Amino acid sequence: MNLEEKYFKNISNRERVIFEGAITMGALFHQFIGTPVSIKSVESLERSIESAMSLQPCIGNVEVKIDRDVLDEIDNEYDYISLTGEMLDVKIMSNYSDKRAIIRLKYIKELNYPLMYIEDVY
Amino acid sequence: MNLEEKYFKNISNRERVIFEGAITMGALFHQFIGTPVSIKSVESLERSIESAMSLQPCIGNVEVKIDRDVLDEIDNEYDYISLTGEMLDVKIMSNYSDKRAIIRLKYIKELNYPLMYIEDVY
Amino acid sequence: MNLEEKYFKNISNRERVIFEGAITMGALFHQFIGTPVSIKSVESLERSIESAMSLQPCIGNVEVKIDRDVLDEIDNEYDYISLTGEMLDVKIMSNYSDKRAIIRLKYIKELNYPLMYIEDVY
Amino acid sequence: MNLEEKYFKNISNRERVIFEGAITMGALFHQFIGTPVSIKSVESLERSIESAMSLQPCIGNVEVKIDRDVLDEIDNEYDYISLTGEMLDVKIMSNYSDKRAIIRLKYIKELNYPLMYIEDVY
């Protein structure tokens, strides 16, 4: 057992993928909320969020979609806005040993809240 | 079952406290890293990080300690630095139903990394 | 002339206070946007933003007001929201030698934009 | 005179380019410090910082260089680190009417500080 494994011996592999995926989702949200974004820059921002966050422990693929409708409707002199949680739709795949989780961030209208939940874990 | 519970019916209560505690730890790190901090402002910063992050779903007590030794040794004209992950020691208590987790962030010298792990879950 | 002064010998004292105040306003916005906030935590957050940002070069008093009306109207299960630029009203006083500037951040309804401008410089 | 111009009638065009360039430099630093970065993701991160920050008022070209030497020497299990101010070398060009400024962020060893200064204004 290496040093890092010692810190996680109190949880199962399934719990580990939930743990690591959740950390990365919280991190993604709070790192990038506030970033200036427009139709011109949105794709570059999506790709760089994906490549930054997939560096974290146990993280595989990351998919980030920023709401184009909101960007199309920007109505100020400067043609950009600050990224908000409501504009984000994110999937984070985490893996450890034989386990895998898909963590989702999505704005849920009925909750009036950008909810983070576990789409699948197996 | 309310709407929010539907999103979490695929995981156990134990997994839920791990999930929510981990989100908040990732959030805390990436929200506040970079904040200017000195010996003068450190306590105000610790308390406001605690009260901000304890607002998140299922989060109870949050304890933030920023390394005073680093602050005492600041050696530049401006007497402050940007907060780094290495300076943080954090405990986040998450609760859901009958379950509780203590999530920890601590710089581990042997790993040369500010590690997030689960100190206890029960 | 010390080393730091060499980097600023190409601008006037009046330009210096504008420069330093503006840096700190941009920094404040992008450091703290996204922070969880509610009526319970708002005052602690205001005070810690003020004490953090007043550490920066040439910065004197900082006054942060977060819109209580928005916080009173929060309508989700979790009773908090992420701080946005629209909720902020900020004054930053910068000083250098005999000069002083007051930099303001305020949401301007007609511009649909949280505008940063110079309220006074003398 | 449009509405926005009214807010800036108390400063010269030269002061305006200093003001807007400085805001964007403070914003850039505090938005992106803490972002996970490695040799694999560094170029995507540089380009997306540039395209995000060039959206801000009066900003033209933005050049971001992240220190590859630091990334080559990463020595932890996860092969990435959190972006720090010391790793950044940035030039921001701001324009307004007939005036232009080049704002620079660079780590100055003698100051032990990532300094923001005005490289040129004309």
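Read from first to last, the chains carry the letters A, B, C and D; within each, the first residue is number 1.
FYI, a residue touches a chain if its C-beta (ideal position, glycine included) is under 8 Å from a C-beta of that chain, and two chains touch if they have at least 3 such contacts.
Bear in mind the structure is a predicted one, so any value in this text is a computation, not a measurement.
J.: Starting at chain A, figure out the least number of steps needed to reach chain C through touching chains.
T.: The least step count works out to 1.
J.: Let me check something: if the centre of a chain is the mean of its CA atoms, which chain is farthest from chain C?
T.: A
J.: What's the rotation, in steps of 5°, that superposes chain A's Cα atoms on chain B?
T.: My answer is 180 degrees for the C-alpha fit.
J.: Hey, which pair has more contacts between C-betas, C-D or B-D?
T.: Pair with the higher count of C-beta contacts: C-D.
J.: Suppose each chain is reduced to the average of its Cα coordinates; what separation in Å results between chain C and chain D?
T.: 18
J.: I'd like the Å distance between the centres of chain B and chain C, where a centre is the mean of that chain's Cα atoms.
T.: From the centre of chain B to the centre of chain C is 25 Å.
J.: Calculate how many whole Å lie between the centre of chain B and the centre of chain D, each centre taken as the average of the chain's C-alpha atoms.
T.: 28
J.: Could you tell me which residues belong to chain B and also touch two or more other chains?
T.: Residues 4, 27, 29-31, 34, 77-78, 111.
J.: For chain D, which residues are in contact with chain B within the complex?
T.: 29-30, 33-34, 75-78, 82, 84-85, 111-113
J.: What part of chain A is in contact with chain D in the complex they form?
T.: Those residues of chain A that touch chain D are 4, 27, 31, 34-38, 40-41, 44-45, 47-49, 51-57, 77-80.
J.: Considering only the defined contacts, which chain D positions touch chain C in the complex?
T.: 3-4, 7-8, 10-11, 14-15, 18-20, 22-31, 108, 110-111, 115-118, 120-121
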